[in-house]
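Following this line, the structures themselves.
Presented sequentially are two complexes of chain A, the first with chain B as partner and the second with chain C.
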Partner chain A sequence: MDGSSTGIQEPLDLIRLSLSERVFVKLRGDREMTGILHAYDGHMNLILSDVEEKIMIVNEGEQATVSVAKRKMDMLFVRGDGVILVSPPSRT
Partner chain B sequence: MDDSPPPPPNDAPDTQTPPPPQQTSIHTGSPTDFLKGVVGKKVIVRLNSGVDYRGVLSCLDGYMNIALEQTEEHVEGNVTNRYGDAFIRGNNVLYISAAEAI
Partner chain C sequence: MSFFGFEEKTLERGRDNRRLGQDEDLAVYDWGEENYDGLGDALQEDHDDFNDETFGGAGDVGLAIGKDFDFSTPALPDRDRKDFARLPITRAEERPPHSEPNIATPLALESIWDDKSAFSMRLNGSNRTSSSPFLPRGESPAVSSQHRQQSGIRTLQEIEAEMRASVEQSRQEALLQQRQQQYYLEQRLLQKQREEEELLRQEEEREYQRQRLLYQQEQAQQQLQLQRLQQQQLLHQRDQHQHRRTPPPRMLPVSQSPRFMEHQQRQILYLQQQQEQQQLLRLQQLEEQLRIEEMERQLRSQHISSAPPDRQPSGPTLADMEALQHQQLQERLRQRSQSPATRPGSHRPAPLEDTLPYLPQSIQLQQRLLSEMAQAELLREIQGLSQIDQEALRVEAMRKILEAEKMEEKRRRKASKIAHMSRYNDLMTQSDKDFITRIQVSQLVSQDPYADDFYAQVYGAIVRSRMGLSTDDERVLKFGASGGVALGAPTKGGNRRPNAMQRMQQQVERIVSNARKREEEKGLHCNLQGALGKTSGRSYKAAPRQLLQVDSGSAPSSSPTLSHAQPHAHISKADSISKSSDAAANAARMGRETLSNGNNGEELVRMEPLTQREILVTLENMYDLVLNVEQLRRDQPMPEEGEEVLEQWRKDFDTLVDKMWTLLKVMLPLGTSTPHPFISLLSAAKGKKILPRVTRHFDQHRMNTLLTLLIACFSQLDVISQAALLDTLEDTPERADVERQTQAFLSSVLQSILPIIVKGNLRLVCGLVGLLMHGQDTVAIAKSRPGLALLTLFLTRVEVIKQGEVDEIPTHEDFAQWQLMFDHLFQLLTPEFPLLFPSTRMAAHLPRDQPHVNIPGIDSLDQPVWQFLAALALQASSTQHQILVSSLREKVLDNVLSAKKGWVVDEEERNTKLANVDLFLHALGLDSSQITM
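Moving on, here comes the complex of A and B:
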């Protein structure tokens, strides 16, 4: 059942192993953020600190361009249903 | 009296023996059997948004939350991101496709 040597038995283990680490989170609405993961639950509600959010905004026009808005937040609660993907820091 | 060897129950020594059946024929199994079969294999996970994630499936759960390794994010055929590990929340999953023989 384990496809890896990291001892992951269920997907949430990946999140558990990332506590206190900086994670990358991809959200609905063309948003991405990185932050230090402090807490999570089964809904994938997240508590992040030291967050930088990137919002991709498509500008319609002759040639569609994408601009990126960034903002920073000290402490953030993310509602789980907006989460698409969470990636822990690559551990070596 | 009974020291004569019993005949083998199914002896067709000179005819070619058929190959043993494939263990747990995946092609006729349930969806759960398929998912068990692809754990540890390369898969393509497509989300409702149309984005594909290609990687090695490390595990999944009843919500279809997915843990992938060596993941590449593909948008319209182009690689847009790489992740060593990735957790995908199950509600976003459209399908899981086996990308190698299972």
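Moving on, here comes the complex of A and C:
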């Protein structure tokens, strides 16, 4: 299928395909999350459910290490200005 | 007083000169010259000579005026007023921190001990004039500390030391006074005793009482005045403070020099310091006041006890009190008429208050409260209440004062906040507001209000139907064909909303009619076309401009989908054209396939299974179509609108349903790909969820086809192929995903095929079961929840048919066919019966050392299996029963044993276990109670 027949005319249409699917979202501030996308808008504000958020924390010092903090949320509103990337999760 | 480091006396003198209008032509003396003979100092040209008379004995006007300024003296009211008004500000702000030590300070301090001061006069017991309504008692520490506090920067310790000293001083003073007064009283009493005439003595006594009362009243008044003065000062300062800190936006100076800023900061610093000092001062004064009152009371009690027994009661009579009050009233009136300026803030606004932006009402309230309390205390004292009562009352009074102060603070904060906000009052005119409202409302108008407000409308319909109201009225304001405004979900009650709605409706109507008028006007102006430059059609530029100009396609029909979905509608049309040609080709091939009985596999159009993206794109298009169809259903014309309209509508509807059918790819041959495209579509959760909405519009024939395909490809479903994941114990994201998909499948897909199976005849069921077992791993299907549910569905349907509760009585051949199928199924499942239970499968994943660990909720997971086995047992023959019992004996015994021996967490689990077992045993005609351990 080419672009015109798949109904994709603008980049945001790609996100539409991921509605009610699990998506991977990269955010500012070294944050990433995966969740099921329920809604989005032109500002990339997202509503996600069943979210797991990962926060990378760089520990300063001689040996700079990276630790990962995780948390889970049932439902989340993500403000669009923090969103860097939205993609389907990598399928293994 | 040196304001800017000038020699203060000259300044003072110059001012006096100017004011008095004398000595204008005097030569200017040059004090610094060497030939100066010093005679200038001897000259009496300072005009200070009469200051004592004028200002009650204090040397310097500006300093000694402090607290003991005689406001009632009628001299020079204007000047007094000015000085008085300037006093707090002068001290607070204008005085530089490093000014030279004040020359007049010692004078002021001395005046305390000066015999000429009113204080000492009173000590001597003579000439206690009622025309001086203030008392010097509380003055000395306050004044002196105030003076000292201003001389340079000092530490807190210094301030404390000073305060302590001043307190000590005042205490000594008071003691001295007390002693003197006592002495005086005793003397007088002795003298009076000696006097023969009772009347005279009574007269004297009365006189004394009256004077004492007066004295007390004056004291109270004076304290009130002090407090008020301080409050005003504070308030004023704070006000200035605030005003400087937050100037109204429009009044902000365009640029402020750094010097000005510095000055401001310094002033703010000063003000803060001053406030702190004021607070200290007030505390100190309160303490002092309490102590003085205490001493007074002691004095009085002494006096009473020392009174001779043969005398008449010493309290004043009612007549005396009346006379006293009368006198006081008159005196007050006289004072007011004499010099209004000398009584600041008693009952008319003080000079300071005149300058305030608003008159603090609660200060007056507080004053009234205080004066009332003073009055009450006075009366109480007269009536001779006990000291304990007085103490209690005083505590009460203190509490009230504190409360009032707190209230005052609160009120002031509120008032300042309101004042702060009120800067923005009337910033916008009514037309401004209307303008903005128009812009806002105009954004709400849309071509398709129902679709734009789709979710709220649907929700509203659901809510209304739940409440038993009619569901068909759409909450949309329509304006002819041009558009409308969606009103959203209905609100519960309230009279405000309807009003707002009406107003909005009117607004929108006005806007729409205006827009129409403009449109017509534009038509008139079309002769401008082709002219250079461009004409602006928009009247208000302030309206938000559309940022993205996405071509919404030339879809002629109003799309029920959201506006951003319109491109899809457009695309799907093109899509469907290509698809329909595809479908035609496929149909032709399929026809050939069926004709050739599927022997020539090379004729089959093998395709790669749908990619994830293709699945999602197809589903999005499907959603568009479904929304279209649903909208079309809502728009179904009434029969009275004419057959033609109805026909057209039916045609549109059928076209859309055909599109859906094609898009669902059900008609692609079985072997097209693995998994089949239709099954691929069901792999996404939203694909499962949309199925009931799609199948609702399909007829029986199409549904049978769909069901056949689904059953034929059942093992290809993700929920079957990945069902084993559900048996693992650890909670992985994959497991959660499979769980989610399974739930969606059970609630959506099975729900949509349920009505067909429930209505199907034995032949259909038989065929479907055969299809399910043909070329598919029946055991794997049976080990999954959806598969088991499907099998149970078939078995129960057959049972219902066997009971004869159907219209169509099946033939014996059908029954024989079914028996064949059933035996085959039973045979297939026989070795796997125990493994059908999720609990058994999960136990395999348990660690070896603890195989009997309890998995919470496992019994509810097992329940469908027991149900299935029960359904199986109903169909089974007696030999099959024995096979069932022997293979499941262990499982049954396990459950019954753990229930009866109490190896359960709670009563609920025991009940579930027994109910599960009984479900199966009842089908065999047994019961768990028959099992003995």
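To be clear about the criterion, the second predicted complex is superposed on the first by the 81 of 92 C-alpha atoms of A that agree within 3 Å, B and C clash if a C-alpha of one lies under 4 Å from a C-alpha of the other, contacts with A are read in each partner's own complex, and residues count from 1 in each chain.
Everything that follows uses one rule, which is that a contact is a pair of C-beta atoms (placed from the backbone, for glycine too) under 8 Å apart; a residue touches a chain by one contact, two chains touch by 3 or more.
Remember, it's a predicted structure, so these values are computed and weren't measured experimentally.
**Student:** Of the partners chain B and chain C, which touch A:80 in the superposed model: first, second, both, neither?
**Tutor:** The answer is first: A:80 touches chain B but not chain C.
**Student:** Could you look at A:20 and tell me whether it touches chain B, chain C, both or neither (first, second, both, neither)?
**Tutor:** second
**Student:** Would you check which partner chain A:88 touches, where first means chain B only, second means chain C only, and both and neither mean what they say?
**Tutor:** Both chain B and chain C are touched by A:88.
**Student:** For A:9, using the defined touch cut-off, is the partner it touches chain B, chain C, both, or neither? Pick first, second, both or neither.
**Tutor:** It touches chain B and chain C both.
**Student:** Is A:44 touching anything from chain B or chain C once the two structures are fitted on A? First, second, both or neither.
**Tutor:** first
**Student:** Where on chain A do the contacts from chain B and from chain C line up?
**Tutor:** The answer is residues 1, 4, 6, 8-10, 12-13, 88, 91 of chain A.
**Student:** Give every residue of chain A touching chain C within the complex, in rising order.
**Tutor:** Those residues of chain A that touch chain C are 1, 4-10, 12-13, 16-22, 34, 42, 50, 52, 88, 91.
**Student:** In the complex, go through chain C and note every residue touching chain A.
**Tutor:** So the residues of chain C in touch with chain A come to 548, 550, 564, 567-568, 571-572, 574-575, 578, 612-614, 616-617, 620-621, 684-686, 689, 733, 736-737.
**Student:** For chain B, which residues count as touching chain A in their complex?
**Tutor:** Answer in residue numbers: 39-41, 47, 49, 53, 56-61, 65-67, 69, 71, 83-89, 91-92.
**Student:** In their complex, what parts of chain A are in touch with chain B?
**Tutor:** The touching residues are 1-4, 6, 8-15, 24, 44, 80-81, 83-88, 90-91.
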